[in-house]
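First chain A sits with chain B, and in the next complex the same chain sits with chain C.
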Partner chain A sequence: MTPLLSIENLSVVIHRSDPGDSGRQIAALSNVSLDVNAGEVVGLVGESGGGKSMVARSIVGLLPPGSRATGRVLFAARPGAGEQVDVLTMDRAALAGHRGRGAALCFQNPRGALSPTRTAGRQLTDRLTTHQGMALGRAREAARELFEQVGIRDPGRRLDAYPHELSGGMAQRVMISLATGCAPGLLIADEPTTGLDVTLAREILRQLRHAADTDRRGVLLISHDLASVAEVCDRVVVLYAGAVVETGPAGRVLRTPAHPYTRTLVASVPQVDGHPVVATPGGMPLLARAPTACPFAPRCGHADDTCRTQHPATTEWGAGWQVACYHPQAENLAGNLAGSPATQAGGARTATQAGPAGPRPPAGPAAPVPAAVPRTVLSVEDAHVVYRSRFGGGGHHALRGVSLQVAAGETVGVVGESGCGKSTLARLVLGLVRPAAGRVTLAGHDLSRIRGRRLRRLRIRAQLVFQDPIGSLSPRRTAADAIAEPLRAQGVPAAERAGRVAAALARMGLDESILPRRPHELSGGQAQRVGIARALVGGPDLVVFDEPTSALDVTVQAQILQVVAELTGDESRGRVFISHDLATVRGFCDRVVVLYLGRVVEEGPVAEVFSNPRHPYTRALLSSVPSLGAGFAGPRLELVRDLEEADAATGCPLAARCPLVTDRCRAEPQELVGYGASRAACWRVPEMPELLRGGGAGA
Partner chain B sequence: MRLLRFVARRLLLLVPVLLGVVVVTFLLVRVLPGDPIRTILGPNATEADAAAARARYGLDQPLWRQFVDYLRGLGTGDLGRSIQSGGSVTSELALRVGPTLELVVLALAVALVVATVLGIWSARRAHRIGDHSIRVLALAGNSLPDFWLGLVLILVGYSVLGWFPAPSGRVDPDTHLTPVTGADLLDAVLTGNGPAFGSALGYLALPVATLSIVIVAPLLRSVRASALEVLRSEAYTAAAAHGLPDRLLRRGYLVRAALSRLPALAALVFGFGIGSTVLVEYVFSWQGFGQWALRGLLFRDYPVVQASVLVIAAGYVLVFLVADVVHAMLDPRVRI
Partner chain C sequence: MAAPGPGAGGGRRFATGLIVSGSVVLALAVLAAALAPLLSQWGPTEIDPAGTLAPPGGDHLLGTDVNGMDVWSRVLHAARVDLGIVVAAVALAVLFGSALGLVAGYLGGWLDDLLMRLLDIFQAFPMFIMALVVAALLGGGTINLVIVIALVNAPAYARLVRAEARSVRELPFVEASVTSGSGTLAVLWRHVLPNSLTPVRVIAPLNCGWAMLTLAGLSFLGLGVPVPTAEWGAMISLGASDVVAGRWWTSVPPGLFLLASVLGFSLLGEGLQERAATGGPASSGVGR
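Right after this comes the complex of A and B.
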């Protein structure tokens, strides 16, 4: 059978015509070949800049201006009929028919990719009338059904909603419905789960799998979430610097990768079962022309002279498994991941890098117990935060009675889905919002009592590391200025500042050449290190990390996590690490707090909470984390609905979504009660093991 | 419902704004050098004549007294008595506002349509010949002085081609148009007077063209820039990548998004247009508001100046209100 899509030796060169930069060219793709069959989900993975999106764009004939493509992108309008057309040579009319109907692109950022001035329903009916020839009335009916299929509740109302009225997950679902509404042979999903929390990401991926299984569409899933790709995809293609380095069955390639680059990627993924991440230094090169040597050689621990002078050809490694490498690795990566010194020493240089500096094992906090009781740097007591709506009348109750203590030297993880109040908690402890009730004490001062200059002084004691590393630095200021900012606020004399900035920089593993650069000249990883250096330079009592890695590539993420892990040895300050990615929290936090709709539903030592979750919500979160390793070991639990439909008014906030719900849950608000080492707000905890065994749980 | 509340709130805002305007103009106009009484009396008048005239217009009263009287008049819609003509300012104003509003509104409407059509056309052909020529032409129109442009249009349209009526008057008196609002075109429609409608349209053509050409450039630039932004946006790319036909892309995904920024600018341009009418009305002998207000100012005709400033201020508030409402209708993200 002819594949739906076969890309043969596709190379894309982009000529930059910027003034002052003329004549510069970038080899975005070099001799890429890949196939997608109908009914198959193919994953395309690699770091950003590796050419993933360029592949997607070339399939729909949307290459950026100034680019020249060679090779062939063959597409079969009717798979199996044997007739393939080259997208690159299509004329305008053919391209118009091919886009949408042949291959439909599902864009990365659904909020940006939905037109803000047209209702979601109209945007969908536009696709239906165009590609499926429906009349408007019939199309509206079909649109309602499609919305229902992708899991949008109350589809009739959502049809008339404008994109800005949709939540992130909802917008992503609409985007998928738009792409499937074109009834394409091939569905291309460009990072569909980036920025979504685990439960939603799982649901979105299920939709894509569904499209392949029931509608026999081909699906090309572009993602840097390797664990999800391993779970959902049939085959995977790994791109590095615009070239395919490894391709094969997704599960096997990502669990036992052969190419050193794939191994690097996999080792960088934090695991919920507590494997430490292994960071690889360096970054992907931007090539000016097709590589003549192995592009990964400079970062590779196995590279020899052959790798540096000749480009490796693609060789068969297993059934349907191809690797472009002179030294494919057969040994099991899992051993390497477990962090035993023997395999690390025998492994790549990456492992030795991670050795002494690596994150401490999950059992770490028990080891060096300080003699004296450490001082409490932050204490939040029963805090409520309400965002009032502009013209009176109600408001959004973001935190509903949260208590939290952070001692010096301690790292507390805060997890939960989007919209559960994690960021509000960060704003609260930094004194950026005032609690409607309750107390926040930072370094011995009551934050809610003081105002004006004294409050600004106190804010220096707590520092924030932001989610968007480049956006959180002023574009007009150099890295040196940015890092020195808290010192300037403290009134540190200029002479002393330079020295302290240099010290903070050295601690981040950055050299001084980046000091005069501005944010747009920094990579994401460098910018985030600058952000962390800025937070640390003033010697704060508390550092709050608000999802510091979620905007970064896996390999960079691993580097940053390593930096953060090194900081956890610092006994003079407390840390709060906020993340919706549970696996990142596991590596180096001492305690973890699980937030749900503005309440703490479970808290306790990280090892205890992760291996033996008491609250159904925690268990559900852990169950939905995709994993390359064993994943979450205990019985799994699945929530029945999306967050937005849930209600926090009376009783247990989770009642609407919990599969174990009873009438008592709906009626009684739940308090945190101690169970062993951790505390959970669920009265059914004692009977939980029995309930889970009794089949009350989902898959 | 929400819209109505918004409009009501903004209309209430009109009261303090206008009150402030009244106080400021009342004081400022009296600070200006020059004496309105002297300008009507002529060189041979004696001090006694002047005092008598002052008493006739209430100008001998203390300032606070004059102000209270003026406010009391305002409450009943009486804007005072023109010192220059002796007529009621309210009725003079009613006569003058209609023609000018008609001129400016029509010119703005024409300019908006032209700017939208050409701006979007231009953006879709960005950096090609058509785009460049449109932008150069718009800029040229913007750079020409309006009075000169008006004279050239008269020369060509009336003297040479003879297509348009002579620049005097606003409607052919032989059509016996009954004035209702003062805006001749509207009156012709209201009274069902066909010949008058044609005649008024003919008289309007050249001044409207003059004003439109002068104000179209900023509108066109704005539409083109917004349209380019939309064309390069991810949302438009996504729609295009899903193979939607050109017509649908243009109507459904481009126009509305590209126009959302226009109302605010159009409101500003409207104000500029009111200012420009002074010269355009002069060139076309248009007995309108601009000329009337200018003469009032030149002769220090206190009630006329105060009334015209009041009308302009109210006009501004109302026009910006309309602009905000239109903006909210075009862009669903705007909450009012």
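Right after this comes the complex of A and C.
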């Protein structure tokens, strides 16, 4: 059968015409070939700059101006009929038809891709009336059905909602309904789950799988999330520096990769089962012309002179499995990680220091709050935070009674979906917001009571590492300036500052040559190291990491996680590590706190909470995390609906979504109940093991 | 990052063209101002007893005006007065307006409300009425003219910088500075101010053009510089009646100089605006 889409030897070169760098060109894609069949989900993975989006753009004929494409992008307008058209040679009119009905694109940022001044329903009916020639009334009915199909609660009402009234997940669902609305043969999803919570991401991916299975569409899923690709896709194509390095059956390629780059990628992904992360130094090159050698050779532990002088041809590695490498690796990845050259290249650094069975002493059996023997650096007691709206009463209740203790030398993970109050907790601890009720004690001082100069002094005791590494540095200040800022604020003399900045920089493994650079001249990984250096330079008692890796590429993420893991050996300060990604927390935290709608729903030692959580929410989160390894081992749970703010009003906040809900849950607010060394806010904690063993679990 | 296409590259070249041509025109005006005594043998207020309203040619390159003063010399010397007043006034407006906007935008709250309502009241008065009031209160004179023009233009900068500061203060690097223990003044000076001035850099040259027209307008109404001083607006005003009698040389030359200078400022401003719109981070490094 003719494939729905077959890309043959596609190369794209982009010419830049800026006066500054005239004649500069980038080889965005080099000899890329791939097929997508009807009813198949093909994953396209690789780090940013690898050319993933360029492939998507060439399929819909949306290449950036100044680019030249060679090769063929053959598309079967009517699958089965056997005739194929080359998208690259289509004229304007043909392209317009192709984009709506042939191939549809689902963007990464759904809110940005939806027009803010038109209702969601209107944007969908517009497409239906244009491409399908439907009358408005019928289009509206069809739109309602499409909304329902993608799992939008109350579709009739959402038709008239403007994009800003939709949550991120809802907007992504609308986006999918827009893309599938005109029944395209091929659906291209460009990072559709980036920025979404695990529970939602799972649901969106299920929608895509559904489109392939029931509607026989071809789906090209572009993602950097390897675990999701391994679970959802039939086949996977791995891109590096614009060239295909490995392609084959998704599950097998991503679990036992043969190409060293794919192995690097897979080894960089943190796993919920506590599998250690291995970082590979270096970054992806931007090529000016099609590579004449293996583009990965400079970072590869297996590279020899052949790799550095000749470009490897694609060779058959297994059934439908091809690798472009002179030295494909056959051994099992997990078993070989410790001795892999990547680790050696990282110098004396070890992989994450504390796995699940790490050398840490287990917390005392009946001590959910750690004893004061190691000094307590942070104590939050029953804190409430309300963001008041400027006009009139009301406001957003971001934290509803959170208690948290952090001792020196300890790393506490804080996890939860977005909107659960994680970042508010960080802001509270740093004295950026004041609690409406409750107390925050930092290094022995009550943060909520002092003001002015004393507050500023105290703020230096707690430092924050930001989510957006580049954005957290002032565009007009150099890296040296940024790192020195806490010292300047403390009144450290200029002569002493330089030395301490250099020391902090060296600790991050950065070269002094980056000191005079401004943020836009730094890579994401470098900028985040500068951010961590700034946080450490003043010798704080507490460092708060607010999703420090979520804006970074996988291999860079692994590098930063390794830096953070090294810091966990420091007994003089406490650390709080905030993340929506449970797997990143698993590696090096001692304790974990799970937040849901501004409340602590479960807390305890990482090993206990992650292996056998008693709260349905934690269990559901863990169950949703896609994994390349064994994944979450225990009985799984699934939440039934998307998160809604209003759920927090009465009773257990999870009641509306919990598969184990009873009338008592709806009526009573929940208190933390102890089990082992942990606590969970669910009255059914004692009976949880039995409940899960019984038929109650909706797995 | 979205790749700028060929349009963007063309846009940058266009922007550079605008900036260069504007700068050349302004450089000529500055040169004329600087070399005025060398370029003409007459003083700007020197009266030639030999004749009033002499046509161009002979002793007087551009003739004389109704008072018997040399038009060429006056036009050149007026460049000093006009450029000086305008640049001083806009600089003052930027300084005052930015400071006000920075404080209001960063601190917010009741102070912001108060300052902005005061600006509303201030801006409710027509400009020329205000000039009259200031002139009546402080008296005429060049310094007061600078103050009037600065006052008229400052609110625009206050609003511009306030809007920028309000968005900049939400950016992570400002929060990073606060959590580093820096005081409010340090945060404002080191982080918020430099990152809030981008639109000011674009607007200020354009504003110089408008300010020049304002100055000419005030002078035309007799609210400008004291009488014998050479100033383009005043010269146009004085020579306006001569045009009817066919004596174009008393008003057209100052008009052309005024036109050229305003054009120079406009080209420069438009060029900077264009560059800001098309350029990436490279252009944000222009000036400090």
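One rule holds in what follows: the second predicted complex is superposed on the first by the 661 of 699 C-alpha atoms of A that agree within 3 Å, B and C clash if a C-alpha of one lies under 4 Å from a C-alpha of the other, contacts with A are read in each partner's own complex, and residues count from 1 in each chain.
Rule of thumb we're sticking to: a contact is a pair of C-beta atoms (placed from the backbone, for glycine too) under 8 Å apart; a residue touches a chain by one contact, two chains touch by 3 or more.
All figures in this text were calculated on a predicted structure; none of them were measured in a lab.
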| item | value |
| --- | --- |
| Simultaneous placement of chain C and chain B on chain A, clash or fit | fit |
| Chain B versus chain C as contact partner of A:14, first or second or both or neither | second |
| Chain B versus chain C as contact partner of A:572, first or second or both or neither | neither |
| Which superposed partner A:164 touches (first chain B, second chain C, both, neither) | first |
| Partner chain(s) touched by A:650 [first = chain B, second = chain C, both, neither] | neither |
| First (chain B), second (chain C), both or neither touched by A:464 | second |
| Inter-centroid angle chain B-chain A-chain C after superposition on A [Cα, multiple of 10°] | 30 |
| Partner chain(s) touched by A:97 [first = chain B, second = chain C, both, neither] | first |
| Partner chain(s) touched by A:64 [first = chain B, second = chain C, both, neither] | second |
| First, second, both or neither for A:309, with chain B first and chain C second | neither |
| Superposed model, chain A: greater residue contact from chain B or chain C | C |
| Overlay on shared chain A, then closest C-alpha pair between chain B and chain C (Å) | 5 |
| Chain B and chain C contact sites that coincide on chain A, given as residue numbers | none |
| Chain A contact footprint on chain C (complex, rising order) | 2-10, 12-13, 16, 171-183, 186, 190-191, 194-195, 280-282, 284-285, 288 |
| List of chain A residues in touch with chain C within their complex | 14, 16-20, 64-67, 430-432, 453, 456-457, 459-460, 462-464, 466-468, 471-477, 482, 485-486, 488-490, 518, 520, 531, 534, 538 |
| Chain B-facing residues of chain A, complex | 60, 62, 96-101, 104-105, 107, 109, 112-118, 122-123, 126-127, 130-131, 162, 164, 178-179, 182 |
| Sites on chain B touched by chain A in the complex | 233-245, 248, 252-253, 256-257, 260, 330-333 |
